[in-house]
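The first chain written gets the first letter, and so on, giving A, B, C and D; residue counts start at 1 in each chain.
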Amino acid sequence: MPDSAILLIHCPDRKGIVAGVSGFLHRHGANILHADQHQDNGLGLFFMRMEWDLKEFALDDAAFRAEFHPLAQSFEMQWQLAYSAARPAVAIFVSQQQHCLMDLLFRHRIGELRCEIPLIVSNHEAARDLAAFYGAPFHYTPADAANRAESEKVQLELLERHKIDLVVLARYMQILSPEFVASHPGRIINVHHSFLPAFSGARPYHAAYHRGVKLIGATSHYVTAILDDGPIIEQGVVRVSHRDQLEDLIQKGRDLERVVLSTAVRWHLDHRILQYSGKTVVFD
Amino acid sequence: MPDSAILLIHCPDRKGIVAGVSGFLHRHGANILHADQHQDNGLGLFFMRMEWDLKEFALDDAAFRAEFHPLAQSFEMQWQLAYSAARPAVAIFVSQQQHCLMDLLFRHRIGELRCEIPLIVSNHEAARDLAAFYGAPFHYTPADAANRAESEKVQLELLERHKIDLVVLARYMQILSPEFVASHPGRIINVHHSFLPAFSGARPYHAAYHRGVKLIGATSHYVTAILDDGPIIEQGVVRVSHRDQLEDLIQKGRDLERVVLSTAVRWHLDHRILQYSGKTVVFD
Amino acid sequence: MPDSAILLIHCPDRKGIVAGVSGFLHRHGANILHADQHQDNGLGLFFMRMEWDLKEFALDDAAFRAEFHPLAQSFEMQWQLAYSAARPAVAIFVSQQQHCLMDLLFRHRIGELRCEIPLIVSNHEAARDLAAFYGAPFHYTPADAANRAESEKVQLELLERHKIDLVVLARYMQILSPEFVASHPGRIINVHHSFLPAFSGARPYHAAYHRGVKLIGATSHYVTAILDDGPIIEQGVVRVSHRDQLEDLIQKGRDLERVVLSTAVRWHLDHRILQYSGKTVVFD
Amino acid sequence: MPDSAILLIHCPDRKGIVAGVSGFLHRHGANILHADQHQDNGLGLFFMRMEWDLKEFALDDAAFRAEFHPLAQSFEMQWQLAYSAARPAVAIFVSQQQHCLMDLLFRHRIGELRCEIPLIVSNHEAARDLAAFYGAPFHYTPADAANRAESEKVQLELLERHKIDLVVLARYMQILSPEFVASHPGRIINVHHSFLPAFSGARPYHAAYHRGVKLIGATSHYVTAILDDGPIIEQGVVRVSHRDQLEDLIQKGRDLERVVLSTAVRWHLDHRILQYSGKTVVFD
């Protein structure tokens, strides 16, 4: 794949946005690789993702920001520019269950995730050897309801020191404080082991078993201050029956969790997701 | 398919049930076509479905009931006996949207549903011609929150007159009174247009759209006195994205609704479902 | 939904296409509702679908064709322009099984398919009353291997007389001659009852049953001169097990067939499909 | 879970089999945990799986074999008896791609697979460190078309030395000789990266990409002398679109492959699979 730039735009819906942006890019030599856009008609909002080849593109990062500014301002755009060659720094938080961590580390190793993973944080020692095998630095930060403030202080220092761009909660079973969440707005991804909004909160497999549902699910979402309420990125389900005991639900769920979480992380790293109004636009 | 008998059993789990029942059937000449059983270990319950060819079976209905009684009593069984040749009477209740009604009537016509349909009830006139095309008697019973008691009285008389075994709510948008539900316990099947327990209550597609879920669902379930809370029979989901507007959700949902509802009705008519503890065992 | 125009473009991939087309539309007052594009990097091809509101658009059909011509020529575009207000004429061909016909007619009635259906053609009388119920003219044209040429002559006259834009084979069990296919290139949609390319040809459910597959499928595709080989539009699958007898496969398959066929027809009528190199691009 | 015994039976369909077997087990004190049976009506065959608690069961392995023999003979049964406490020895063969190996080793570690894994065989060195991390002995056996006979000789010695019960081909890209296959009849499981029988043979993702299918699949199956033709155990599919390049198909396929392979291995180890007539019965 060629080195490319990705532009994500979010603004009020008006005539001329596509023409304006594509004309701008064309004048500076961009060869567009992907373009996708979306309107929310109810809210009158416009969303766009443009990806172009950098090879014959005339503007470096600073020049782009300077030249694009007037156009962006005239359409009241919120926008982000990113480069496919960049490797954002990702921290993975995990508790005792390691299936999501294992999956993310393996995918990273074979090139599915375009990032660095300079930090694994856990409130248990269980994942230390797995992290070591994949060469990811591991930090044990004891955490429970009692010492949360203290733990989070250490964790935030780690995030700062490693210049973390994205925090992934890979079955991390501690609730984060609103302050922690606010420190990385829209940049913390969690996996919840149900098809939200059903069975939010603790022990969703138990709840699903007792309700007698015929499908169980998993959900990846951005974390907000309200538990299990952030913008949903991806969901998956699998069929269950009366033959499935609670342990079977948990086992089947593990396969869902790792897929919906790693998919969300990959989309985020590929700059495919826009968040607005408690929802996501995912440009596939 | 041969004429067969189906025995559904539900009792405390003990040694010797399978041996007892299969020995009994064998002694009377039964050729077993299907046998399935299930234990709920947590509750210590046993469930079984046996289906056998009637051709060389020595007992008629009365004889079976007499002969089987001691065995059933010794295991404290709750049991039902049914015959594949019987054609239970089904009433379909519908409001304005006819996709589920149309689907059920078509499936009945081509032989997918082993029943008679002597009664269509609606609080609108819209479905009259569809019912007529398929030869199903149509009764208009105006129903809204105000006149519910009166309407239900008429409806219950219709059910009685037609000796209805099963009531199917095929997008019938009125809430039934607890008395109505109690008149046909475990014999009213509804379709709800969400993956319950998410988005129970009114306007689930609106709720799903605003929450930004990535899958929408539909659920068929037995009706109990508590709204949208009865034992779930079948669920289905379909993928949606930010591109799907509310109308797209409704359109995609229609395809789910008719499949989960007709599947539930077929399983019920084939005597595959046992209800217990707010859940179902579905012997497929 | 507003009255809109849809432009489908297919050309060699070059810089400036998006800028050129969106600039052109903007200059003439178009408010773009949807824009999607795709590149086939291996073949160096570019595909685009643009849909815009006609309300403030300055060009009528003739003016558009005149004004757009130079731009189209400079990029060597193949292009089609369509209008959402138009109602293409669709003919449905059917044999004895009516589940797909019934489904299409019902969807048409409730507004899911934006077309007229002035013609049902069948080599059996079975569907006559269903067609009559939905007000669609029915023509019986006896057809078998022996009299195919004669039948097709009659059928082609019917297509001509009714100015048919799209032919839908809704479980029509006769093979069309290459001449017939050539008369409506890229405008005949068929449903095949397997996940092509597995089990092409006759009796796919029998073949699937004997092979012991764990999923069965259905495929909608454009018809070409080679049997079951045309560009695939949509596919669906459903899980089966050893418990499913041949009749169960056929029953489960019916539900797939009607969904994949009606989806394909709807996408075609919404001008979402481009065909090239034996494949389809489906702009959803 | 209690220690249990599992009996798999396969015989001509006759009256009295269920009664005979369940009566036998009951007389010897068995508490049946699961019972499932199946008939192939076309072929007149009967299949059964019985699992019972060993706690109060009166017969040890030798006694069972002696006592059960007359009953088995009278019904012409082929039967196998297994114990949940046993840990069969599994060898995993792998080439360069390690996603299936990684998945199997992780599942084994967390207790999803009831077996020992005393042997990893590869024709590449790539998986050596992964095997070491999970404590599984790794053997490098160079293998290509030229030296196949020699390699297989070494491999068969390894299988013999480690008393291997099941061979799992976890993306092992060498074709096994008929002699090798015959050495472990019905005990070699492979994963093929397509929904067989579509795209059998080499490079199925390339074939799927060129055909333009809308779903890709993966299949786990027992290996027979004919390539990609053995009894299918499990299949999965995932949706693709024109946006998916070949690499995307390969990436999406990896997630399917590991699920369908590990599911097949788990079912085999749980003695849930009977093979007959080129197909499988999977008692879930």
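As a working rule, contacts are C-beta pairs under 8 Å (C-beta built on N, C-alpha and C of every residue); 3 or more make two chains touch, one makes a residue touch a chain.
These figures come from a predicted structure and were not determined experimentally.
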Top of the farthest list for chain D, CA-centroid basis, is C
Set B-C beside B-D; more C-beta pairs touch across B-D
For the pair chain B and chain D, the C-alpha centroid-to-centroid distance in angstrom is 37
Chain D residues touching 2+ other chains are 243, 284
The residues of chain C that touch chain D in their complex are 38, 41, 195-199, 210-215, 217, 231-237, 241-243, 245, 278-282, 284
Touching chain C in the complex, chain B uses residues 98-99, 102, 106, 110, 112, 129, 133, 243, 251, 255, 259, 284
Contacts from chain C onto chain A in the complex sit at residues 15-16, 18-20, 22-23, 25-26, 29-37, 39, 239
